[in-house]
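In the two complexes that follow, subunit A is the common piece, with subunit B as its partner first and subunit C second.
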Partner chain A sequence: MGIGATHIDHIVISSNDSGTVAQAFADNLGIEIKRKMIRPGTSAQLAFAKLQEVVLEFAGPPQVKPGEEVKAKLWGMVLAVEDIDAAVAHLRELGYPVSDPRPAVQPGARIATVKDGTSGVPFAVIQYNAIPADGS
Partner chain B sequence: MKATRIDHVGIVVKDIDAALATYARNFGFAADSRRGGDLPALGIKNAFMPVGGSDLEFIQAISSEGPVAQFASDRGEGAFMLSLEVEDLDAAVEHLRSAGARVGNSNNGVAFVSMKSTHGVNLQLVQRKPN
Partner chain C sequence: MLTKIHHVGVVVRSADDALKFYRDALGLPVTADRVIEDQGVRGVLLEIGNSEIELLEPTREDTGVAKFLASRGEGMHHICFESDDVDAELEGARARGIELIDQKPRQGLAGMICFLHPKANHGVLVEFATPLKEGH
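After this line comes the complex of A and B, so read on.
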């Protein structure tokens, strides 16, 4: 019995300038940045690339401080699961602090954050096609 | 030069056996017993757990020297390294060097890019298929 993970869905690279870091990955590693957006609520600047089934997410603050050295780090990951409610219930039963599933940035998806107990890796689970198109 | 796939994510842990047990019992992942083990030359031991088309690599320092021991000392446990698959490792190394990046020599299908050239992200390039 596990969380029903099918694959690593997202890997997050956090920095103080997500645009510069994403561009460096694009220029030097041939990774195509397919989408940029501002996260609703936090205004975090996000950029996304996809390598086969895994999304590389570059996350940074709303504003870049001029002249500041750009610093990035591998931050955390999101695992795709078949049933997010079952995964959250399973983890809570084991004592993990897990947020309630909420709508994700990705249309139709729900995401929940595992807040501790993952070997120091910030960790979330996501289920796609979890919200019907009519929102019900 | 083009990265084609996330090969694995390296996670530094204090106790690799405990981490494997936790991820197996609680998350339902299975370690790949064909890979991993002690790598004294690197001062680490490691183990792999496939998750879909990529792997989680758990890494424990077995020496007080080296980047893994340094990471463990500075940050404890956490996401340590991103490994990207490329089609032609030697070409990728050459491309990055010509762009001014500091990259180690390829060895056994693997090359490491200096964190100074990645804004701080610990990056490994790997070639899985022979040319």
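After this line comes the complex of A and C, so read on.
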């Protein structure tokens, strides 16, 4: 019995300059940066790469401070699950504090955050196709 | 050529405690669990989709993992990209002037491995791995 996790959906790399860090990964590792966007609400600067099923999300602040040394770190991870309500219920039953599932940035997806007990890893679960296209 | 995310490494104080979440609560199967004496760590790999999560517990205090734990606490430590030719990846990185930790591949839990210096990617520790044909 588990949460029905299918794969690592994405790994978040946090920095003070997501564009520069993403470019370093592209130059050093040959990874293609496929998409850049500004996160609605927070205006965080995001860049994305994908290797098979796993997305690398490079996240940074809206504005880069000129002259500041660029620093990045592996921040957290999100696992894809088949049924987010069942996954959340399972984790809560075991005593883990988990947020209520909420709409994710990804269209049609819902995400919930595990707030403790993850060995220091900011951790979430996500279900795609969780919200019908009509929003009901 | 890097083909996928092989694993993400998570430094933990106690692998047994971390397994309560990653194995027991999430339901991820353990594919390897052994002490690597020369690295001073107990490494545990858990399968998730086409990738793995690697729990790293220091077994002595004079290692990089132990120093990471002492200075930063538990959390994500490195990201490992799979290649079918770790020697070629290492030589390619060297040719591009990327600072290396390992001057030649060595055997690790994930197979033949090598690490780039975190300076190369603004603080993110990157590993390359070519799994051994007989698996873990």
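The rule is simple: the second predicted complex is superposed on the first by the 136 of 136 C-alpha atoms of A that agree within 3 Å, B and C clash if a C-alpha of one lies under 4 Å from a C-alpha of the other, contacts with A are read in each partner's own complex, and residues count from 1 in each chain.
By our rule, a contact is a pair of C-beta atoms (placed from the backbone, for glycine too) under 8 Å apart; a residue touches a chain by one contact, two chains touch by 3 or more.
Bear in mind the structure is a predicted one, so any value in this text is a computation, not a measurement.
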Overlay on subunit A: subunit C relative to subunit B, clash or fit: clash
Contacts of A:Leu46 with subunit B and subunit C, given as first, second, both or neither: neither
First, second, both or neither for A:Ile31, with subunit B first and subunit C second: both
Subunit B versus subunit C as contact partner of A:Ala130, first or second or both or neither: neither
First (subunit B), second (subunit C), both or neither touched by A:Leu91: both
On subunit A, positions contacted by subunit B and by subunit C: 1-8, 11, 13, 15, 20-21, 24, 27-31, 51-54, 56, 70-77, 79-80, 91, 94, 96, 117, 119-121
Sites on subunit A touched by subunit C in the complex: 1-8, 11, 13, 15, 20-21, 24-25, 27-31, 51-54, 56, 70-77, 79-80, 90-91, 94, 96, 117-121
Subunit B residues within the subunit A interface of the complex: 1-6, 9, 11-13, 19, 22-23, 26-29, 51-54, 56, 58, 75-82, 84, 95-96, 99, 101, 117-122
Interfacial residue positions of subunit A with respect to subunit B in the complex: 1-8, 11, 13, 15, 20-21, 24, 27-31, 51-54, 56, 70-77, 79-80, 91, 94, 96, 117, 119-122
Residues on subunit C engaged by subunit A in the complex (per definition of touch): 1-5, 8, 10-13, 17-18, 20-22, 24-28, 48-51, 53, 55, 73-79, 81, 93, 96, 98, 116, 120-126
